[in-house]
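In this document, chain identifiers A, B, C, D, E, F, G and H correspond to the written order of the chains, with residue numbering beginning at 1 in each.
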Amino acid sequence: MKKKGFVDLKFAKVDIDRQARRGFSEAIYCENKSKEQIAKILSQFIKYNQKVIFLTRLDREKFLYLKSKFPFLQYNETARFGFLKKNKIKNKNREVLVLSAGTIDIPVAEEAVLTLEIMGNKVRKVYDVGVAGTHRILNHLEFLRKANVIVVVAGMEAALASLVSGLVKAPVIAVPTSCGYGANFKGLSALLTMINSCSPGIAVVNIDNGFGAGYIASLINNR
Amino acid sequence: MKKKGFVDLKFAKVDIDRQARRGFSEAIYCENKSKEQIAKILSQFIKYNQKVIFLTRLDREKFLYLKSKFPFLQYNETARFGFLKKNKIKNKNREVLVLSAGTIDIPVAEEAVLTLEIMGNKVRKVYDVGVAGTHRILNHLEFLRKANVIVVVAGMEAALASLVSGLVKAPVIAVPTSCGYGANFKGLSALLTMINSCSPGIAVVNIDNGFGAGYIASLINNR
Amino acid sequence: MKKKGFVDLKFAKVDIDRQARRGFSEAIYCENKSKEQIAKILSQFIKYNQKVIFLTRLDREKFLYLKSKFPFLQYNETARFGFLKKNKIKNKNREVLVLSAGTIDIPVAEEAVLTLEIMGNKVRKVYDVGVAGTHRILNHLEFLRKANVIVVVAGMEAALASLVSGLVKAPVIAVPTSCGYGANFKGLSALLTMINSCSPGIAVVNIDNGFGAGYIASLINNR
Amino acid sequence: MKKKGFVDLKFAKVDIDRQARRGFSEAIYCENKSKEQIAKILSQFIKYNQKVIFLTRLDREKFLYLKSKFPFLQYNETARFGFLKKNKIKNKNREVLVLSAGTIDIPVAEEAVLTLEIMGNKVRKVYDVGVAGTHRILNHLEFLRKANVIVVVAGMEAALASLVSGLVKAPVIAVPTSCGYGANFKGLSALLTMINSCSPGIAVVNIDNGFGAGYIASLINNR
Amino acid sequence: MKKKGFVDLKFAKVDIDRQARRGFSEAIYCENKSKEQIAKILSQFIKYNQKVIFLTRLDREKFLYLKSKFPFLQYNETARFGFLKKNKIKNKNREVLVLSAGTIDIPVAEEAVLTLEIMGNKVRKVYDVGVAGTHRILNHLEFLRKANVIVVVAGMEAALASLVSGLVKAPVIAVPTSCGYGANFKGLSALLTMINSCSPGIAVVNIDNGFGAGYIASLINNR
Amino acid sequence: MKKKGFVDLKFAKVDIDRQARRGFSEAIYCENKSKEQIAKILSQFIKYNQKVIFLTRLDREKFLYLKSKFPFLQYNETARFGFLKKNKIKNKNREVLVLSAGTIDIPVAEEAVLTLEIMGNKVRKVYDVGVAGTHRILNHLEFLRKANVIVVVAGMEAALASLVSGLVKAPVIAVPTSCGYGANFKGLSALLTMINSCSPGIAVVNIDNGFGAGYIASLINNR
Amino acid sequence: MKKKGFVDLKFAKVDIDRQARRGFSEAIYCENKSKEQIAKILSQFIKYNQKVIFLTRLDREKFLYLKSKFPFLQYNETARFGFLKKNKIKNKNREVLVLSAGTIDIPVAEEAVLTLEIMGNKVRKVYDVGVAGTHRILNHLEFLRKANVIVVVAGMEAALASLVSGLVKAPVIAVPTSCGYGANFKGLSALLTMINSCSPGIAVVNIDNGFGAGYIASLINNR
Amino acid sequence: MKKKGFVDLKFAKVDIDRQARRGFSEAIYCENKSKEQIAKILSQFIKYNQKVIFLTRLDREKFLYLKSKFPFLQYNETARFGFLKKNKIKNKNREVLVLSAGTIDIPVAEEAVLTLEIMGNKVRKVYDVGVAGTHRILNHLEFLRKANVIVVVAGMEAALASLVSGLVKAPVIAVPTSCGYGANFKGLSALLTMINSCSPGIAVVNIDNGFGAGYIASLINNR
């Protein structure tokens, strides 16, 4: 079965080849899976020695069930993120900076932070530095310039990504969030802002996709 | 006929009461009107002593035709704007600041500037100060703080309005422009950015509507 | 820490410089913050002597928690708005008129009214004067003409802003609401109506954003 | 062939039964048909004695070609409308009122007017009475109240339909137009406004569809 | 107060002039009003002798409260509609036909039926005759041809309106519904289908707006 | 009554002619029908000997009610699908292959599988073979090439349909699902991907419409 | 080079394996390719003995250039389609029926017809049978019932697909067209109608994609 | 003037500080600027010794004008890109791979290639390897695995990015293109596909933004 590169559980084909092919194992998106399904997939990961485990959108109740079966499982409730362990930091001189525009963007930012830490990156986080008071971000200019990669998490008008990108040499990964109200259309407004940025050096991931942002930021940080 | 408050040209009911009611006469939107129609409406304005004339979206060819009939008519080709004269500046201490994020937003910004000048406002303009290089706008902080009202004209991700609003006490009128490409959807992206601003003190007019921005900015400046 | 102009609570960077820079302190958007977070931010505001407090989208339960800690806190349940005190009215001759098109738009209108009152404006409110029965608004023509600034709150087809603007010299701040059903698309229809108004003198804030409307109306009223 | 109720020209199945079934013959939408195709269809209409002919979106060039073959053909260039003759007015006491909000909406309004006249209705037209100056429409209150059916043609924010409907007992057929600019999205804004009207008694046809509005207004007028 | 044509309850301006002006009193949209508010408005209607009462989107719980205060109040739960009495049928020869495409469209269709009956129309209803089995509607051809006005209520692809219109001389009022799933986008798909109908003689009201459809159908039926 | 081809239950016109006309009886979409309504329709189907019964979107509670009245009724909870019996497989050499991109797409895929089995098709299912690990699908190349018809169920970016179509001679029926988050807009993203496929040989059904996919796949398989 | 299954022209990788893999060679979409590019690709197709050639969206000017180099090339100008030869009809008892709702949909329908004929299918075409006059389609009931597969090409409200599907046992491939005006949004309206059809047995291809419809219809016809 | 970090040409504030701040000078977006404006900005760049020049969306006519003034200016017509010189390759072991899904995506891909080369990267390009024939991309697996960064340019359903990302360890920058037709909505479909990718390791830039993709890919390649 290993030859095929996956384990066939019928309801899932667990991609045990991914670690070899891509460097990291498959993430388990938990939102629409039952706790039993998650446990079965997780067992395979452990059996086939997939070293890094990402359990995204994992709610507390499912976590408690899994914890009873996999006692080493760790959990961050803000980010709704489960994992077994964090890799050792590979390169202490390469810091990834994770920014959030507002307090309400923190859960998405934390998902990016955890993903980065699990993948072995040194991370610094600076939250609530949106453009309504630019002195907050300008006060952290030193960190901006020192960062090897920057992740910007922002909702509403999401102007922070452009502002930050204009000040630095590092690539910026932008994460629109669905936070806000009125004509934000569940994050579409922030997505359009970020994708239309006039400042080169920005690329965008899906709305609220802190995991995806952390993942590609880690790939970049380890070039 | 004057009693009714309008002159009925059949294809148009010229609102000669508007100057009394609103302080300024009706603007003539020229884009879908024939040059003969514009001339007929303009004649009525002059006949009924409407003192301020706005001819918006007036192309050069139609202007030349009108100029031959109304020799005092003036024209700004960048803004595609015709007018008879500018009012005297009512209050030199109240300055309206018009900002454009990019060079390509200038035609819309100029439309706002002209509207403001015709209505008797002191105007300062600072162009091409978008967020890709914030030192350009921060270098003009003195003007930002001194302004009584600020008009921000920006396309693409349109982050300038939020940035500016966060620095000042004055109200900001934001004008999204259709400039840009890709997923800007003819200005929709900029409109959503501005309307979702996290910084209070901003209100928005229609895409590319420099006239509307100048008009309300003038009303505000003369409170 | 004060030198930086903000207090760093990690989950929030409280902008204590905003009062100096913008005239008023930061509003606390309460919807996605825990009651403990709100209390911590509020403490900083009080500590650094921010005189005006806006707590928007504050539900009753969170208010009761805060009230037990900050006994002077006041609350308007219709507008879901918390505040410490209303400023004294600065200029009794300058009245801001807040209109609602329907009864169901009142919560948003009340948010605008409270914001204006807290910032020290004289406010008059006239509710349920939509265009289905124009005699209701025409009967208040005197108030329309006397107002220094007008806020129009309307959902569904939101025609009231254009109608009002056509009758007055004052600037109109339009607030689309998400009230209505069918093809209103959570306020998008009302937003498009207002942004496309044929009547100059109108600028628009975000859907249901009564606070933003009141805020800029106050800035305008105090030019 | 007549038994089937249509003539099969291969590229078109001419519906010669429609006059019997629906009271009026099929309209020929000319925009994407060649002048030869239109001529062939028209010949069949004449051969099978279809008494009323509507040629919509007919440009001048195609008209001149058709005129050379069908000398009785008449044409209105503003409405881009061809027809053979107008029916006699069936009932002089029943007047259909066609309103346009602006001058630029006139071509669509004229299409409605012609359709109504060809179908034998008495029509009154009042143009350029949009809500930016309500005295223009209020001055025509007598016509509003006297009308048996009202067609309102409006673009941009299209508030006129709601205003008119609130004043009368007659049903209102609303026609959004694609006139305007910025966030009007080719008439979508006007369509949403009209469909979301808070005033009962309004139904809406497609953007710029003056023919459709005139057609159903005639059906209503002849109930 | 009566002179003004409305009663000012502050939270509502009850339009007691509407019966004189439009023939029928204002409908009370109950969804976002408290039961106490509805009762206060209803009292005014009764006090000022508004003969026809429409209470739309009235849920059972609010009805029971109102019933205890206004014992004559009647209620249709399917349509969530309250009313005092149905007018006498004015003209038995003029029948309005209300069609629904599916079983799930019936609540909206019933709202139209009740509105028509309250306004004094003879109504016939034929439900579940969508285009997936055309023999169901073709079997009712006699009723289609006899109807003076037709209301078509349909969701999903909403093809029924075009099909029916192509068979009759009567005007068709089309009501898109939000019924369906997948890419129907809460009725937008049905709305676009109906507004783009290739068959003249159709006009459209808002999604799920059975009241609006019944209202204008009654106006048409009584021309 | 049978002559008409339907049974009129007033709230539904049961199409008992459909089996003769189309080969299979009408499916009952259960989501917005009461359990009593479903039971009444089902009784007619049985009375008029409609051999194949589809009850889609049937939740457990309604099923239990129906089971008590129709003891032969079977149920699949994953697919929320009720049925009386599966037809015998008509042709064992013609296999329909149903693929799902992810585990969370399985309920929709199961709806397609059941529909196919009930209609008498041999079905093979292969789940969780999305493009993030192509070896999973390439490992099943033999099944891909052997299939007579292929159904591809996928959400998010939905790239699987194009990939599969490029490898086979069989027609592909693509079902977008609403699974995913962020900018997937309830399946719109997947729908657009599939409809824009660069690979000919694909046609698309509605979002989450496993029944529709299975139905047309069965028609194709039995050509 | 052949081993790889494609020829690398740098600007194109000509897929010469496709005939073996999929049964038919790659279609050349000509709209954004230069005539020289098309000629180079075509040469490779001929060199590697790809027997069936599809040149879609080929304008007359490019065709004439190609004709001078490949004298056997044939062309249908209505469909803007180039090809070398039509395959022999494989099975005369299996007829594909191609319907167009209107005359203006014929170019797309012809693209489907040619694709089918080139791939060796017997095709019957019936044009201009839209739902505004259903007797036109009902008159062809015999052809509907006899067809093995049906392609329905329709724009505007696109109701024809549902109507036809409700009458037959054959699968229906629906092609929305961008024909129409107003709120059809370049075919989006027709696409939504077809994808939301209440009648099972329909699957949809891209807007104006006659080639794609013909291609899958041929695959189905040859099951 | 240099102290400020920009040169004020009034119509543009040339950001001569950007090279120091961000490593590269500002790109000149030429589409909406006059050739005289471009020349003036270019002069400043040269005067202030900005070493790398990007002139994007530069049409041939404007290039010829600039060439006469700046003889060293080079030009790539496919990419509509002007530049002075390419930097030396900094690191020959780090290769950026640029893929295009189709031939029609090449202009956007070339813009990315040129940007990368000018910034001193080693680039390999492989064009026309879309998912309709996966053997074309699988045949280049060696290049995929060797690449340090990958840029994927694709329109229509844009599935290539997900497929490629699933096979490699390198980060993928995805560029949606507006190529295609029907429901691609000028690249929106491709943008949604890419942003919704189920494969982590992808970030997205604006539609047709080859420059932005090349720019961030270069930043990543030089971490």
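Operating definition for what follows: a residue touches a chain if its C-beta (ideal position, glycine included) is under 8 Å from a C-beta of that chain, and two chains touch if they have at least 3 such contacts.
Please read these numbers as outputs of a predicted model, since none were measured by experiment.
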Task: Partner chains that chain D and chain G have in common - done: E
Task: Reference interface A-F: repeating pair among A-B, F-H or E-F with over half of contacts shared - done: E-F
- [ ] Decide which interface, A-B or C-E, involves more C-beta pairs in contact, and give its chain pair.
- [x] A-B
Open item on the list: Are the interface residues of chain G and chain H largely the same numbers on each copy, more than half shared, or largely different?
Closed with: different
Task: Turning angle required so that chain F lies on chain H, C-alpha fit (0 to 180°, nearest 5) - done: 180
Task: Centre-of-Cα separation between chain G and chain B, whole angstrom - done: 50
Task: Inter-centroid spacing, chain C versus chain B (mean Cα positions, whole Å) - done: 26
Open item on the list: On a C-alpha centroid basis, what's the spacing between chain A and chain D, in Å?
Closed with: 57
Task: Residues of chain B touching at least two other chains - done: 21, 132-133, 166-167, 182-183, 188, 191, 195-197, 206
Task: Contact pairs between chains, per stated definition - done: A-B, A-C, A-F, A-H, B-C, B-D, B-H, C-D, C-E, D-E, D-G, E-F, E-G, F-G, F-H, G-H
- [ ] Would you tell me which residues of chain F are touching chain H in their complex?
- [x] 101-102, 130-134, 156-159, 162-163, 165-167, 180, 182-185, 188-190, 192-199
TODO: Flag every residue of chain D that touches chain E in the complex, lowest number first.
DONE: 21-23, 27, 94, 148-149, 166-173, 191, 195-197, 200-206, 211-213, 215-216, 219-221, 223
- [ ] Please name which positions on chain C make contact with chain E in the complex.
- [x] 103-104, 106, 127-129, 132-133, 135-136, 139, 179, 181-183
Open item on the list: For the complex, give me every residue of chain G touching chain H.
Closed with: 4-6, 10-13, 15, 17-18, 21, 26, 29, 31-33, 37, 57, 178, 187-188, 191, 206-209
